[in-house]
Amino acid sequence: METVKSVDLSINNKKLKNIGFSGLQKLFKQSIVLIALFLLWEIAPRIGLVDEAFFPRFLNVLIAWWEMVKSGELFAHFSASITRSIFGFGLALLIAIPLGLLIGWYPLARDLLNPVLELFRNTAPLALLPVFMLFLGIDETSKISIILFACTWPILLNTIAAVGSVDPLLIKSARSMNISSFKLFYKVILPASVPTMFTGIRMAGSSAILILIAAEMVGAKEGLGYLITYSQYNFMIPEMYAGILTISVLGLFINYGLLSLEKRLSRWKQDPTL
Amino acid sequence: MTTVEKIRFERVTKSFAVRDANKKGVSNEYTAVQDLSFTVREGEFITLVGPSGCGKSTLLDLTGGLTTPTRGRILIDGKEIAGPGLDRGIVFQQYALFPWKTARGNIEFGLEAKGIPKREWKEKANYYLNLVGLSQFADRYPHELSGGMKQRIAIARSLAFNPDVLLMDEPYAALDAQTRESLQSELLRIWKQTKKTIIFITHSIDEAIYLGERVVVLTGGPGQVKEIVDVPLKSRDADVRSHPDFVKIRQKVWNLLHEPEYIGANI
Amino acid sequence: SSDSKKAASNGEKQDTVLEYQVQAGTVSFPELAADLGYLGDLKLENVSSYTGGPESIQLTATGETDFGYAFNGAIIKSYAKNVKIKSVVGAYGSDKNTFVGAYALEGSSIKSAKDFIGKKVGVNILGAHFEFVLKDYLRQGGLTEDEIKQVTLVVIPMVNSEQALRSKQADVVLVNSLPKELLIERGEVVEIFKDTDVYNTEFTAGDFFFSQDYIEENPDTVKQFTEGVAKAIEWARTTPREEVTARFEKILAARGEDKMIPSLKYWKSTGIAEEGGLINDAEYDTWIKWLEKNGELKEGQVKAADLYTNEYNPYAK
Amino acid sequence: METVKSVDLSINNKKLKNIGFSGLQKLFKQSIVLIALFLLWEIAPRIGLVDEAFFPRFLNVLIAWWEMVKSGELFAHFSASITRSIFGFGLALLIAIPLGLLIGWYPLARDLLNPVLELFRNTAPLALLPVFMLFLGIDETSKISIILFACTWPILLNTIAAVGSVDPLLIKSARSMNISSFKLFYKVILPASVPTMFTGIRMAGSSAILILIAAEMVGAKEGLGYLITYSQYNFMIPEMYAGILTISVLGLFINYGLLSLEKRLSRWKQDPTL
Amino acid sequence: MTTVEKIRFERVTKSFAVRDANKKGVSNEYTAVQDLSFTVREGEFITLVGPSGCGKSTLLDLTGGLTTPTRGRILIDGKEIAGPGLDRGIVFQQYALFPWKTARGNIEFGLEAKGIPKREWKEKANYYLNLVGLSQFADRYPHELSGGMKQRIAIARSLAFNPDVLLMDEPYAALDAQTRESLQSELLRIWKQTKKTIIFITHSIDEAIYLGERVVVLTGGPGQVKEIVDVPLKSRDADVRSHPDFVKIRQKVWNLLHEPEYIGANI
């Protein structure tokens, strides 16, 4: 008596075509504002709206970028940076998620740790540069630590918030099955928290990249942050913008990666706009 | 029928703090159930009826170990309840399915909690999915199921969990007559086979009498035991409902629920 | 290197690998010395890039780097705060070709010190070289302390100075080195004063230093280093400009900074006043007095002689 | 037949006493780790674990702080900074919340704006300093803009996430009453989103303070960020730490303010740990 | 009784896309209701019965304008439904109260949506709170109410919303017998007074017959109209249930719902 019938191939084909067309349309919609922005960037210096010496045309930035790609210079900076970012980000995940669950769940942990964590959270990584240098030296440790420091807060805060917004009935239901606290975290609170937590994770993903500029101000010899400061101090303005753009685009990719991971993990969700 | 005592409610009182509507920041105490005492025998099927808001769900939470009584105590096998346990399983009034798990996943969650080895999950889940008539819907997420289907999954989960004591809060409220009847007899069959102790909340007097060996009638505001009605029916065929004994008991429970103290209590 | 601390006391060989910070796009005298072969068996090891004097002082004092350099004013201030470093040889300074200048746009009403009142002046850091020069210029121009307070100093990183000046966000900016040359090259600016005029002398403004601990434990290394650097300074002071920049070009290329080679054309001179980068009391006293007058140092709290030594410099008489 | 009975005074008194004692206990729990941290800070330089010249004792920092308070210097910096922060933060709220609701709700807005916003979000404020200066000058406008820029992203992202996690049934219920889109936002999505949104707002509140150091690096004459950089460059290390501490504590207060506001707004919530 | 047509269902089909359990990324089409046609007269009280999962709630969503049919159309007053409207009000199967509003706040939400001036809110809310017997609980938040209380607040909200067409999805499922009876007669009174058109889903055959002028019996998988049973009862006193006509109709509906095509459909 079931009517779960597979849609036949012809319909599938139609759908595919539809996707082809609507996909194109979507791509267009998604890029139109971006393209407008880049056009503006190209035009503004051309018509003298801004001084080209300080704000080069978009094309010149692209050329500088391509030169650096060809010479392999960009890749060297890129890989130095990405390694640091991944380490810092990964450590932040390992630390902040369990800590967030702990604080979100146990009032004692909250009472004990919150004040210190809040104090640290409200301390600018930039201001802490000298302190990091003092305690951790100027090698990789201090750079990764700064990234770790910056990534921790968004994950922590969102994890705590996520725990707080889990439907109490679900927790009740799981507890009625006498599962252990650990399982409760792992099997109920974690999946229920995915959407909120991922907001924090995505924000941390950006931080991991953005903080490079500060982190690589401390005794760096390579890295995208170093490239940017270096270019700026030596008036290689197109190169500087090329560096900034690289960081932005890198952040963009990481963001989309995390987004699609989130989508996979929250496939079960009903679209609220439906 | 054994007469070993399974659960004992001893002058159980549960109060909640509620904000005062008029005075800001002040909270009052609202008593949901008060000085409630009765015992449930081992292997007994007991049904609970009472007006809306009289504290039935609260009582189930207490028995499940999810909240603690404000005063009094609840004993299971002579020991005071310290928290949830594998010996008790609950079907909640509002299903409480995990939205990120499919129908099958929700049932397997219970199996895992119970510590059933993984290789047995599939077979067990299939068995209970089939029992509640939802084999075809095993891979749907809760939001893709109808209200009655969700409720049936919650029932399947608790049956698969296979606890000693089964606590069910209006489990059949969202089911159509036929599905309801069929699940009623399934539940009776399982009960007879496994000799579980079952506390079953319902608003249907018929259901309460058909299923229960005893019907506990509660009064409202705050919840207290009004009377415990024995149901001395030998058979439980479908047509037992027209049996004169059945009709007599139904009338009795109906009368209990319509006595003056209710009038104006909630309506 | 930093693990050399105990080397001397143990009678072991002293440190031969010197950790330091490279300033991107620039060739420092130790690098020149190494390239010229003046450092002997000493090796330089780049541990990171130079981002400023205060940081360089911290890193050297805490052993992260072996030597560093900074503005003499910063060295004074750090010494006053118990940072134990000692200068050994000059690092940079001002002469008639290399100096700190103050610039306004052409047609600006600012001509002399009096015109600065109520105007906005951009300096790279407050409390450092540029501010010292500016204030001294204003004082010399006859402004009272109250009038000087009406001159607004704003912090503008040197890379942004030109931009700030041209977009009229600052009325005057103080700049030196590459930013200054680029500013002048693009034109339409007038020079109002330069630091060599204010002090009426060429002077070394910043020195290379080691931590006192390091000097104690590696006296020979320090001597060898200072000798090499001093000779390199002398070489750069006396060799024709083209030959020096050609050498710089080679060093930059070896460091992989080919892109910065074109800007070597802006290199004019060493800016080092004394032979072999010798340090003298006056170079510190100027700033000590300035700080004393400004209330940042107590009278006699710091003496120039405590801050430096020419002991290792072969040019010392 | 109701038993809503007011708890009599004696019980209230007992409760009050209880609060007095448990409040003390809570205060102790909350401050113990913090106190340990400050003790460590005091001791580390004393026993020579770190160089006191760069990492002064906690007490010396406090003394420097108190000196600056007495001279009125700190207050001047403080008020300059707080004004900027409040402006930037306020503007960010005004911009990011409606924008987030829009993007969270309308697929078209999402398609059009997301790429540009993501690109900007992944661009470091520090890297944008010169651009802000170029377009907005070096006075207040550019400083407030940087704060605005930094505050926007956490609010925006969390608002979008919050919209996505509203129970679809509630939306259905409200829509069945034919309320306008605006009312739907204002009356349903906004209150349902409060907890998640506030996480973003709190993070933005911190950003508003933290970014001061970057914002006040350029063209500032006063402000806590200026104080910190100035002190650092001039080896007034205790003053520098006093500045950092002031910013952290300020951030802490803002955070607790926002927290209590959130608590007020989400009084209706059931405690999930119950 | 008027014979003006109010709502017309014209070959309404609704399908959902569901993931294929075996093949990843493939979705199948699942048809919840198919080619469903019937009309509701103006001012008519129509009840809907059918097995769990046969598409009753889906039909209500469609009528409420919350989703659109895959095929076919639904007309109200001769116009195709374009979306939700002030002319229709829904009581959802799962209450759908706003958790950040008190019981009173939830009712006022409906009043505001309807555009009632603010000064009338209090009085109106009090009236309906009293009607469902929850005056004392006006200032409680939903999580502080029992299941039946929540349902009653949802009913109060929709009654206060006072729509032309009232769509109710098992509104009395969580209520005890007495409250249920009392609210049934209240609903009948309101219906007679205001001449609303009411579509009422229930699993209780008694309720369907007691309330409805006609009972629409649906078949399951996918939902289609099996038969529309007329209920030509003149009176609706409480004891009408024992009237021979009533018993006859009950038997008829019962038979319809127990016909072979259902057997095995869900159980």
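Per-chain numbering from 1; labels A, B, C, D and E assigned in written order.
Convention: a contact is a pair of C-beta atoms (placed from the backbone, for glycine too) under 8 Å apart; a residue touches a chain by one contact, two chains touch by 3 or more.
Fair warning: this is a prediction, and the values are worked out from it, not measured in the lab.
The chains that touch both chain A and chain E are B, D.
Chain pair with the most C-beta contact pairs: A-D.
Most remote from chain E, judged by the distance between CA-atom centroids, is C.
Per-chain Cα centroids separate chain B from chain E by 26 Å. Inter-chain centre distance (chain C to chain E, centres taken as mean C-alpha positions): 84 Å. With centres defined as mean CA coordinates, chain D is found 40 Å away from chain C. The residues of chain E that reach two or more other chains are 18, 94, 143, 265, listed in rising order. Annotation for chain D: residues 2, 4, 51, 54, 130, 134, 168, 232, 269-270 touch two or more other chains. Contact with two or more other chains is made by residues 58, 62, 159, 163, 167 of chain C.
Residues of chain E touching chain B in their complex: 16, 18-19, 21, 49-53, 56-57, 93-94, 132-134, 137-140, 144-149, 152, 169-170, 173-180, 182-183, 203-205, 254, 257-258, 262, 265-267. Chain C meets chain D in the complex at residues 52, 54, 57-58, 61-62, 74, 77-78, 80-84, 122, 125-128, 152-157, 159-160, 163-164, 167, 169-170, 296. Across the complex, chain A meets chain D through its residues 26, 29-34, 37, 50-51, 54-55, 105, 107-108, 111-116, 118-128, 130-131, 134-135, 153-154, 157-158, 160-161, 163-168, 171, 195-196, 198-200, 202-203, 206, 209-214, 228, 232, 243-244, 247-252, 255, 269-274. Across the complex, chain E is touched by residues 2, 4, 169-170, 172-179, 183, 187-188, 191-192, 194, 266, 268-270 of chain D.
Residue ranges on chain E touching chain D, taken from their complex, read 61, 64-66, 83-86, 88-90, 92, 94, 96-101, 109-110, 112-114, 136, 141, 143, 161.
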